[in-house]
Amino acid sequence: MLSQKIESILFVAARPMSLKKLAEVCGADKEEVAKAVEEIAAVYNRDERGVRILRNGSDVQMSTAPACSKLVQDFLKDETTGELTKPSLETLTIVAYRGPISKPELEQIRGVNCSLILRNLMLRGLVEAVGETDNAPASYRVTMDFVRFLGVSSVEELPEYDKLRSHENVVRILEMAQQPAAGQAAAGTAGESGAAAPAVSEPEKSSAEPA
Amino acid sequence: MLSQKIESILFVAARPMSLKKLAEVCGADKEEVAKAVEEIAAVYNRDERGVRILRNGSDVQMSTAPACSKLVQDFLKDETTGELTKPSLETLTIVAYRGPISKPELEQIRGVNCSLILRNLMLRGLVEAVGETDNAPASYRVTMDFVRFLGVSSVEELPEYDKLRSHENVVRILEMAQQPAAGQAAAGTAGESGAAAPAVSEPEKSSAEPA
Amino acid sequence: MAFAVRLEKFEGPLDLLLELIEQEKMDISQVSLAKVTDNYLAYLNEHPDIPPEDLADFLVVASRLLLIKSRILLPFLNAGEEQADDLESQLKIYKEYLDASKVIQAMIGKRRFLFVHEKLPHVEIGFAPPEKLGTGQMADLFRAVLQRLDLIVRVPTAIIEKTVSIHEKIKHIQEVIARASSLSFRSLVMNAESRIEIVVSFLALLELVKERSVSVTQDKLFDDIVINKIDAVPA
């Protein structure tokens, strides 16, 4: 159904889409699309709804309702400037001591998936990705701003830097997990528009997995 | 209006939101929020709509509809394939139907030690530990990512959910597992062989608490 | 052997058991379990490559199978009757989830993935440091992580050290027998550290009997088993 298709595209895109582009993506003609957009807008653009369909010329966008803009602003501000949770602080610490570190390595050390936390730490300007190429996935390290904030001139000045950084437990867990680390990289391919599929790319038969 | 507020937050949030967090953000109490989420879900989760409200325990997230998967995947140029090994599938199935489930319960059903596979699934963000405290060990459940991967609005929609969730035999065998004298073979081995429950779990619900 | 099963196919003992029962075209019951016991043991003996961390789980099921089989062969043995159908019901439950996992696999195969936003809208990268975080606290956080890793990096080594492989045990029994022409099973397992090791010893013994390297005698039920080297058996 066309209106369903358009609705899903408007949702994941979360940016203005032209009727022409929508028609192309949905394999329909522009007039049909314009009509379907009207129908969707009629469903959304009611006082009690929190999401709206905005139109500007031939551009269409899904967006939050004006009545909620203050709430949304506060929420977004808190997401990026509010207090860090303990898991986030822990992640930041590991990146500081072990950086540059790949996401799979970080996850091996923490024992949980770190996609959301890493993304948030980057949004806050605490962590940055380095060295990403077509062949190599990104590594992460703390930003210079964060190093300065800590009052040190480089991460090497962190307490017991050498001892903690290359503690045998870290070395061993990374050795144990050589293989899964390789397959994990693929999971990070986020769509350009900032929408995501479930991160389920699985390493083929990893050493860390029981037969 | 509360449902309007919640809808707008769900639209902008880039992660699953717990009812608790939604209540906090919207300045309402959790019961009201739960009720409002039900109302919103009833509006969205209809066959002809392109957007869904997903539930995982007390977490809520907005996503595209299953009927539009192919279209959206092409639009995002996403390359998720969904390959899972047999042990992963089996473990995910049990955790999906029985979660939150403790590690001994899971091992009782599978007949093998599950430390490594659980760790592996947590690294991939398909399973998460919940409810761990100093006194209580963690339980495990599937993540919202895995729910999205299945293409359902919540695990309750899985085929034969009620039957497989509360299977009479499972209850019985798990009761036996808890009595040290009887039927403890599988759990007992884990201890004997030195594989006693490594605490690879975390107090956090990784996907729901990034900041 | 009549059954050609490959280890990679099995993720655990219950999976193997199910396959063996299905090959016999039987339902899960005490009788079918007893029937496949020999095949199960043979499989273990023929697969020294079962990873040590998984072997323990396979052996536990082996011991439960032996118990079931002995009960059927020797019905007057009814000690622990209440546990008798434990493995049977466990296997039935396992089968239900295994079947469900195939349904789940088919669902995933349809690729009806649901997509969400990943980025927050209109957010500029700024700088929002954790105000109270100091370097001392970071060192503490890192130490806590190291401590948590302790449990994971040590465990596999512990399993490997404690699990005795069947083949090692067979070798051990052969060596012991080479020195003494007969010995008792009780003395063989006297220093066993776990039930698993006793089961392994017993399996090893069965294997040697099958190879006709040894003969065993037992005067009365529950008496000690005496193991004799074949060439040393008095005529």
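Order as written gives the chain letters A, B and C; numbering starts at 1 within each chain.
Everything below uses one rule, namely that contacts are C-beta pairs under 8 Å (C-beta built on N, C-alpha and C of every residue); 3 or more make two chains touch, one makes a residue touch a chain.
Model, not experiment: these values are computed from the prediction.
Participant: Indicate which of the five shapes (line, ring, star, complete, other) describes how the chains touch one another.
Facilitator: complete
Participant: If every chain is reduced to the average of its C-alpha atoms, which one ends up farthest from subunit B?
Facilitator: C
Participant: Of all the chains shown, whose C-alpha centre falls nearest the centre of every protein C-alpha atom combined?
Facilitator: Central chain: B.
Participant: Return the distance between the CA-based centres of subunit B and subunit C, expressed in whole Å.
Facilitator: 28
Participant: Between subunit A and subunit C, what's the gap in Å when you average each chain's C-alpha atoms?
Facilitator: The mean C-alpha positions of subunit A and subunit C differ by 41 Å.
Participant: Quick one: subunit A and subunit B, Cα centre-to-centre, how many Å?
Facilitator: Taking the average C-alpha coordinate of subunit A and of subunit B, the gap between them is 20 Å.
Participant: Spell out, as numbers or ranges, the residues of subunit B touching 2 or more other chains.
Facilitator: Only 12-14, 62, 64-65, 67, 72-73, 76, 78, 80-82, 84, 87, 112-113, 116, 119, 148-149, 200 qualify.
Participant: Which residues of subunit C are in contact with two or more other chains?
Facilitator: Touching at least two other chains: 11-12, 53-54, 113-121, 148, 152.
Participant: If you look only at subunit B, which of its residues touch subunit A in the complex?
Facilitator: Against subunit A, subunit B makes touches at 1, 3-15, 25-26, 48-51, 62, 64-65, 67-68, 71-85, 87-88, 112-113, 116-117, 119-120, 122-126, 128-129, 143, 145-146, 148-149, 200-204, 206-207, 209-211.
Participant: Write out the stretch or stretches of subunit C touching subunit B in their complex.
Facilitator: Listed in rising order, the residues of subunit C that touch subunit B are 11-14, 53-54, 56-57, 59-61, 63-64, 82-83, 86, 89-90, 92-94, 96-98, 100-101, 103-105, 107-121, 148, 151-152, 155, 158-159, 161-163, 194-196.
Participant: Which residues of subunit B touch subunit C in the complex?
Facilitator: Counting only subunit B, the residues touching subunit C are 12-14, 52, 54, 61-67, 69-70, 72-73, 76, 78, 80-82, 84, 86-87, 89-90, 92-94, 96-97, 108-113, 115-116, 119, 147-152, 158-160, 164, 167, 169-170, 172-173, 176, 182-183, 185-186, 188-190, 192-195, 198-200.
Participant: Hey, which residues of subunit A end up touching subunit C in the complex?
Facilitator: 8, 11-12, 14, 76, 79-81, 83-84, 88-90, 92-94, 96-97, 109-111, 119, 122-126, 143, 145-146, 149-152, 157-160, 164, 167-170, 172-173, 176, 190-191, 194-198, 210-211
Participant: Sort out for me which residues of subunit C touch subunit A in the complex.
Facilitator: Going through subunit C, the ones touching subunit A are 7-8, 10-12, 50-51, 53-54, 113-123, 125-130, 133-139, 141-146, 148-150, 152-153, 156.
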